[in-house]
Amino acid sequence: MAFKYTVERILEIVGETAEYAGAYEGKITGISSLKEAAGGDLSFLGNPKYRSDVDVSEASVLLLPKDFVGAPKDGQLHIKLENPSFALALICRDMENTLQPKPEPGVHPSAVVDPTAVVSPLASIGPLCVIGKGAVIGAAVLEAQVSVGRYAKIADDAYLFPRVVVADYCEVGPRNRLQAGCIIGSDGYGYEYYEGAHQRVPQIGKVVTAEDVDIGANTTIDRARFGSTYIGAGTKIDNQVQIAHNVRIGQHCLIVAQVGISGSTTLGDGVVVAGQAGIAGHLQIGSGAMIAGGTAVTSSLEPKVKVRGYPAEPMMLFNRISILQRKLPELFKRFDQLEKTVESLNK
Amino acid sequence: MAFKYTVERILEIVGETAEYAGAYEGKITGISSLKEAAGGDLSFLGNPKYRSDVDVSEASVLLLPKDFVGAPKDGQLHIKLENPSFALALICRDMENTLQPKPEPGVHPSAVVDPTAVVSPLASIGPLCVIGKGAVIGAAVLEAQVSVGRYAKIADDAYLFPRVVVADYCEVGPRNRLQAGCIIGSDGYGYEYYEGAHQRVPQIGKVVTAEDVDIGANTTIDRARFGSTYIGAGTKIDNQVQIAHNVRIGQHCLIVAQVGISGSTTLGDGVVVAGQAGIAGHLQIGSGAMIAGGTAVTSSLEPKVKVRGYPAEPMMLFNRISILQRKLPELFKRFDQLEKTVESLNK
Amino acid sequence: MAFKYTVERILEIVGETAEYAGAYEGKITGISSLKEAAGGDLSFLGNPKYRSDVDVSEASVLLLPKDFVGAPKDGQLHIKLENPSFALALICRDMENTLQPKPEPGVHPSAVVDPTAVVSPLASIGPLCVIGKGAVIGAAVLEAQVSVGRYAKIADDAYLFPRVVVADYCEVGPRNRLQAGCIIGSDGYGYEYYEGAHQRVPQIGKVVTAEDVDIGANTTIDRARFGSTYIGAGTKIDNQVQIAHNVRIGQHCLIVAQVGISGSTTLGDGVVVAGQAGIAGHLQIGSGAMIAGGTAVTSSLEPKVKVRGYPAEPMMLFNRISILQRKLPELFKRFDQLEKTVESLNK
């Protein structure tokens, strides 16, 4: 990382109730795990099981729990506080703001903004963005080459990375964070077979995302046939996820990379869908359900169930089946043997 | 949806043989299912099993079958006709044209068009598009930020959404509809291991799509090693599909989201590949074959077969195996018991 | 393909030790397999098992092995040499250079280059590219609409196809080839559940690729939480692959389309991961391991093992289980029968 960070700044952020031992005079030039750290690095003890790594760590500044017993090496600073992991997150957030400062408000002269669009004076519109007719942009950041369609809306404090597409009529909620290349509002995949060909069913709905939604790189979310495809507040979607038309996702769900959710399926709140899982169309997934990676869900799920497999089975059953499958070759042999024994008895 | 639509317009579209009962004086402001509809909404009875929903529907205008028996509420208009679903599709298409009108012909001043490119005067080239050397653009629509490579061809009435890439030498057929972010003509993935490293095999072919092909958002189709990767007429491809070099797909196939088709595989006509399925390379998939979601196809398929599973099995066999797998824990127990019984008999 | 290629040029490339028979007077207008070739085509016998195809081939120029016995038809040229496949690759590379010549150095006037960026005079920056603050661009080619973030680095002889994104601070190595739409440096997917919501963990690391890395269309590689997500020298990544934060991939690996690799997993050298496979987080995959298509890897793998399945099993065991699964319906029947027999014996 191309940054230099001061010990003073760290103490400003985490300092209030912290205790110190030792000293480090230089700048912080990196962050690393205890074992991998070199001189200049900040490191931390987040989990007591790595306690012994502290003794061998070359890190210059270490965040340690209050009850840590041990002395710093020469030129090393120990900072002891309630929650080293949380302290690290605060420091990282501050570093992030330094590394990727929020661009200044204003419209880059190379952006193409339709005269009927309404752009907040607090918005930052990056180079080569395109803002369509009647679009409404709040106090948001649009990095380079973002495309916003006709009558689309981007709420305050949304952050759109380069090359995001928000298509016609779609609405992005407050504090959403849209990674590069994601596409909000592609056409739903709907056809009727008629006169020897697949006739396209018009997709005239939109996509609406609530507040605090994150959407990953190159993820695609289709507009509804009519009405809205909807993503609930606080839901976090990873890269390369596909969400079909008229899907409705509840609040605070986690949808991990390369998941596919088919048309008109509904997810409750707090659902976790791990990587590469697929969910068929027109299903109801209850709140708090957990779907393991690669699972193929083909029927609705009750709240809080855990499933895994192709097709999905209750997690415990799947794990049992997996173990028994490995014993199939042996079972078939034992069975052949048993049949012979019984045959001889039966003579 | 930000639109107001008149009852008169609906009657113009579906009116000829329709019968009416009741009246609605306002504008249509949405479309919804019978149950979810509110005042101002258009709704429809497409399936007789939802008959009872009509009685409770708050929709202002209802499309109903000719044989429907029942009276409209106050301020509600019933329109009775042969095929309510088809009527709705016609209305939706008209609304779509209103919501997303075809842009006017012309080249946006911010587009970068190579002087050797040939662009039809009927083409609409959106803001910040790039058209390469020797490219030929028919009476097509290119929305914002589309990239067309050297000597590529876009046929009449193709519609390219924002940020589509059509790479060098590739040819997009008439009436194709390419969703945002799809990439036509990335390099095929071909290497030869030689002198301790993977040497790239040049990919000098192209991609050709026939007429009426739809391609989904962020889908990728690789150019051929030499010759063409080919997509047949009327085939509809969903989002995030990967089609490798030298694949040939027949007419009127449906390729659902996140499917992967490996190099040099051929699909006949009318093949259906459901979401997240994968097909290995150099296979022949017969016309009319159906491949279930998540299936891994590792050998060629006869026409009209239905397969499912990892690896693919005939659908009926897969379903049978799935049920029996759930009984494996019980089978192993029964088997242990039986072995003991036989042992005691055998003493 | 829109090219005409001369026999003289072919002889220049492969001629030194070649022997000739027959003659072809025209231009080369295509390349095809022996069976599919038409007049004007170049073809080749790469595998002895296709020997008989030579006799029926309509190709005008044929590359054949030294020990080939047989005479050309009228108007056909036979070129006999050590390694016809390798000769073809050389010819294809030359054709590729003709078809897609490297753009001239220079910055297109429509590109938006931050004044603090350092761009080599040998770099070619295409139309509508965006180069961020402090970025460093070597003697590389950036085709249209590429986005390079703040302080990112692109090394010499890298080739970036249209619409590639290299995000802030990321580093692309020498001779890398990045296909259209790939995204280097999206945020890692990291959250901590805290006070009723998923709190984003700042992702302040970067992505670093070594020399000779290829990355496919619409592939996404996330930046590290801190430190680097790393791709080793000579590794070739296909389309729509997802690589999560802090993954480290060794040298000369092959990662085929639609693979997903979860956070902090490490791959050794020469690992092959076939299409649509998934690897869970925090695992160690040994050098030379081979992971079959669609496999779900949920635990670390020793070097050189071959695995397949959901979940992954040793390849031989998986194949054995697959065969036995098909016999489950029969096994259950046999078992019921055997139970009855034993029961009758036990009376």
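Letters A, B and C mark the chains in the order given here, with residues in each chain numbered from 1 onward.
Keep this in mind: contacts are C-beta pairs under 8 Å (C-beta built on N, C-alpha and C of every residue); 3 or more make two chains touch, one makes a residue touch a chain.
Note that this is a predicted model, so its numbers are computed, not measured.
Residues touching across the chain A-chain B interface largely differ between the two copies, under half of the numbers being common to both. In this entry, chain A maps onto chain C through a rotation of 120 degrees when their C-alpha atoms are superposed, rounded to the nearest 5. Between the CA-based centres of chain A and chain B the separation comes to 26 Å, rounded to the whole angstrom.
Among all residues of chain C, those that touch two or more other chains are 128, 145, 163, 181, 218, 240, 258, 276, 310, 325, 331, 335, 338, 342, 345. Only residues 1-2, 30-32, 36, 85, 89, 92-93, 95-96, 99-100, 108, 110, 126-128, 144-145, 161-163, 177, 179-181, 212, 214, 216-218, 234, 236, 238-240, 252, 254, 256-258, 275-276, 293-294, 309-310, 322, 325-326, 328-329, 331-332, 335, 338-339, 342, 345-346 of chain C touch chain B when the two sit together in their complex. The touching residues of chain B, counted against chain C in their complex, run 112, 128, 130, 132, 145, 147, 149-151, 163, 165, 167-169, 181, 183, 186-187, 189, 191-192, 196-206, 218, 220, 222, 225-227, 240, 242, 244, 258, 260, 262, 276, 278, 280, 296, 298, 310-311, 313, 317, 320-321, 324-325, 327, 331, 334-335, 338, 341-342, 345.
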